[in-house]
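Residue numbering begins at 1 within each chain, and the chains themselves are lettered A, B, C and D in the order written.
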Amino acid sequence: MTRIRTDLALEARELYSHHKDDMMGVESESHNENGMEITRVRITSPEGERKLGKAMGNYITIEAAAIKDRNPEYYELVSQNLSNELKSLLNLHNKSNILVVGLGNWNITPDSLGPKVVDRIMVTRHILKLIPEQVDERVQAVCAIAPGVLGITGMETGEIVKGIVDRVRPDVVIVIDALASRKTQRIGTTIQIADTGINPGSGIGNKRMGISEETLGVKTIAIGVPMVVYAHTIGRDSLEILIKEFSNQATPGTEFYKMLGSMQEADLDAMVSKVLSQGMGDLVVTPKEVDMLIDDISGILSDGLNLALHHNISLEESRRFMH
Amino acid sequence: MTRIRTDLALEARELYSHHKDDMMGVESESHNENGMEITRVRITSPEGERKLGKAMGNYITIEAAAIKDRNPEYYELVSQNLSNELKSLLNLHNKSNILVVGLGNWNITPDSLGPKVVDRIMVTRHILKLIPEQVDERVQAVCAIAPGVLGITGMETGEIVKGIVDRVRPDVVIVIDALASRKTQRIGTTIQIADTGINPGSGIGNKRMGISEETLGVKTIAIGVPMVVYAHTIGRDSLEILIKEFSNQATPGTEFYKMLGSMQEADLDAMVSKVLSQGMGDLVVTPKEVDMLIDDISGILSDGLNLALHHNISLEESRRFMH
Amino acid sequence: MTRIRTDLALEARELYSHHKDDMMGVESESHNENGMEITRVRITSPEGERKLGKAMGNYITIEAAAIKDRNPEYYELVSQNLSNELKSLLNLHNKSNILVVGLGNWNITPDSLGPKVVDRIMVTRHILKLIPEQVDERVQAVCAIAPGVLGITGMETGEIVKGIVDRVRPDVVIVIDALASRKTQRIGTTIQIADTGINPGSGIGNKRMGISEETLGVKTIAIGVPMVVYAHTIGRDSLEILIKEFSNQATPGTEFYKMLGSMQEADLDAMVSKVLSQGMGDLVVTPKEVDMLIDDISGILSDGLNLALHHNISLEESRRFMH
Amino acid sequence: MTRIRTDLALEARELYSHHKDDMMGVESESHNENGMEITRVRITSPEGERKLGKAMGNYITIEAAAIKDRNPEYYELVSQNLSNELKSLLNLHNKSNILVVGLGNWNITPDSLGPKVVDRIMVTRHILKLIPEQVDERVQAVCAIAPGVLGITGMETGEIVKGIVDRVRPDVVIVIDALASRKTQRIGTTIQIADTGINPGSGIGNKRMGISEETLGVKTIAIGVPMVVYAHTIGRDSLEILIKEFSNQATPGTEFYKMLGSMQEADLDAMVSKVLSQGMGDLVVTPKEVDMLIDDISGILSDGLNLALHHNISLEESRRFMH
């Protein structure tokens, strides 16, 4: 079992098999659109679930590498793409009630994505309730909350969300969370949308109780963006490149060749652990400018959500509303 | 009906009657302790409720004017006094579950008291659940949340709290809120503790659904501190001092004397409204340093809560825990 | 001498004389443009200086009352107007060096205007120095600093700015500061531009050493927006309305009439002081949403500055640059 | 030339030579005190300067690994140690003027150490100037500023500091900065004090003009704490452990042994670069809780400074002052 951790189904699939062919229980296809790579991974059986360590369901990944060029027009394209994907998953009828939940800890920069997105969501449910005559029919009832994390509230986030859902009875819940990926180039540039919700063990925080259709009783969509790579992954990937390099040069049958073949996952993990000291919580890799990356990507996500959740609302209109 | 607004039962009582004698349905008594004035107002009948515009129940007010001298030792005295009052109201048994709710909007400085207190509460419920063997028996199960306000979440705060209470089933709920008082000297220096919870119309935000034993089904204590005086109140109080001054000097029976007697509440309100322009939300009076006042008083409240909620915990211990 | 304080030359003029005719040493004229009232007050002699308590020079006031409707298009109009006024005062040649200084304390919300504007200024001086070939010729060399206040740095802001100016040698200095006005409707909606810089005693903080052409040796423009009204002013203005009302109704020659006439400034101040307690620093009136007002008006100011300081830069371009 | 970067003289020395014996031009000695390792590195010649890539002078390193246990008593010990080392370097006479400069960008969490320390410094210069009779003779004249970084101000930090120093004329300047180390266990736990000031190329930001006695004309002490390790370093260190492991097992003379010997720095760097994508600025490793680490260590540094800069001031007194 590898200790390389990723929250992206896309990367879990790559880790399990470098073959592009489908595995049993896992289907995937990719295409390019507007300078973004869109990949759909579908886990169709318990076998696929076990192999990838991810719940059965659909995972859509938008890889928008050009986000790092910080071009506002490209940002709008990404928001538009996100909105389109969301719309087809959500399939909202008129008069929908939507609850957006921003997971994560606002005091820890790379974990603050969820609360930051919630801050910029066009919240309308109360207006529709109190002064419906002032709202046009395109606007849906959206409410939003950033409940905090276990260490801050003393309550599992799943409990809090379940309590609110039972009271407020939305038609659909959308949870936003910061993720960990395997590749640094995906930090702040890749969006995963999953119809599986959040399941124990995923996400960079600790969320024991799932936040999914199974636990909440309503359709639950998870949207996540990798904000960190575990430092361990960097060490491991470096080692693997070196071993591959050696293997290419070594003569089969030699002492050396055998030694390379005998390296175990556990040996490699142990070497990396010598480099990374313990006792300070998880060591993560981020761009030094992660504060700015979070601002940018949370703007892209909230724009995408505002477009998707209401009918025929333009970005202009949603931004004016937020003002 | 006066437009002078106050969230303090103490001031509502003073506004209704300048006599120190008890009114029907309202009892009150005061004493001085450690440089603080402690007043207990008890509203005992629907008649008292109507007169004061406050729900029936007990209101304890700690006026700690010396807070403005910013002496850490005095701060600890205030926390200790608050803790004592809370303990006698709470009457906790061993193994209590307590939910602390910080009301208000963290983006509006004078309304951010609740969230700031919650930030400094010793949250323990999850530790008692996950690793009970590491916690000594003095520690109670405390959880806490700052749910935001209607304009941010689209949900009434009462709905959110009710949902969480139904799920988490605490024995008691404590809600913290910023208040408006009539007197500027009470800003940041006066603490009101009420066993009535929060009822519609009170508090400086909009909270239509009450947060009280009636709505939540468990004992609910409200703790509040005035952070603003409405600007209107300043104008009205200035006018009243002038009129009183004139009245003292005027000869009964004269044109002047009659004119003074004929002034209506509505006339005075209209004059003040000429001074205060409309259209920018409520105009409030605060010390310019309100950001620092909020920090200080939220420290005092959280210290008081940490002392009250656990058994025989010292301030030292609670601060070390928070670290 | 009145204790009503204002940082606006416009209001100082109104306080001194309700006549629209010009006073000796003070000229003024107003006109309406794009839904804004533009007033030019010119203090032309030491006599005018003494009467108004403001340094000799030009004060341009843009009253943009509709800012409170929060319409982004109107915001752009205001920025455009500000830019036009600034351009005619600055009269920049090609290749100008401009230093923007944001005065005030970022920890005190209504005093944080200056630092917030500086945060959004298009800073270019270093790019022009390090990679001039990548910058087009419309871009001027702009640098910016928010030096903090005396209580935070232990240094007079004027000393810090003088030190930097002597080193960096800009052609012009622009200082941004939060002001106090007399009228609440001017909070966050009125912009004063003065070619006098900042002089001791003005502004809501303490700035003993002036920041002006006299002290710095280069042209110094001050831009300010009222963010507070002193609570004292509210009380005083309420009293004056009441006295005026009484005066209109009183019969000349009566006891009452005489009493009204005998009211002194000092009497009125004393009455208001009874309402406002001492010992907590200045009591100020702000809209409760002052945090949001500051965000909006600092956006308007920085947009106006970005338009004025560079040649033929559009708002679009400056925002893209800031990204 | 290695691409492993460190701002610690201690680590630069280790990188250059694994021998504990002194190199030409570099002296060092270590001892243990109160659970901290104190190392003094002295670079005594241009040759030492070239080898280590650090300016000639004294570098004192306090390694306080137990900081990660978050024990307030240990924190005080570290502050005390820091104060002692500072005192012996500063050698302050009575009536000293000290300027503390917090370098770095407050918007980038791991770069915000300097501004955060400055926030908690006991600033007294203005009080001594304005009301000297209210200050006891132990208090020295301390002023402080966090000038921002080149990308925010458009001015080199060295220019700003030089301008202020020429105006304010302190006897000594102390600059605080976040550093990069080679070892993750040193993040937030190791303090370097250098009498060399800051020299071009050191520190995690870009500071072309030095901030040192040479440029400022007064004694300049630099205090820094590593807050990041470059991600590249993690990859490189992992590779080196693997190669060492292989070397221990390989038989001299074999193909394998020779291959290991032929690995170049550049080869290793190229492998790690395959793992770390480009285009997002520096990739750094931090504990996920770096926001909290920064709070803790900035408290330790400011306490140490407050103890060192004034005569016989206790931590209690300095904290009361800050209140």
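The definition used in the following text is that a contact is a pair of C-beta atoms (placed from the backbone, for glycine too) under 8 Å apart; a residue touches a chain by one contact, two chains touch by 3 or more.
Computed from a predicted structure; not experimentally measured.
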Omitting subunit C while every other chain stays put - resulting connected groups: one piece
Chain whose mean Cα position lies farthest from subunit A: C
Inter-chain centre distance, subunit B versus subunit D - centres from mean C-alpha coordinates, in Å: 46
Roughly how far is subunit A from subunit D, centre to centre by C-alpha average, rounded to an integer in Å? 36
Spell out the part of subunit A that touches subunit B in their complex, as residue ranges. 123-127, 141-148, 150-156, 159-160, 162-168
Listed in rising order, subunit B residues that touch subunit C in their complex are 68, 107-111, 183-185, 187-188, 204, 228, 231, 234-239, 241-243, 245-246, 249-251, 254-256, 259, 268, 271-272, 274-277, 279-293
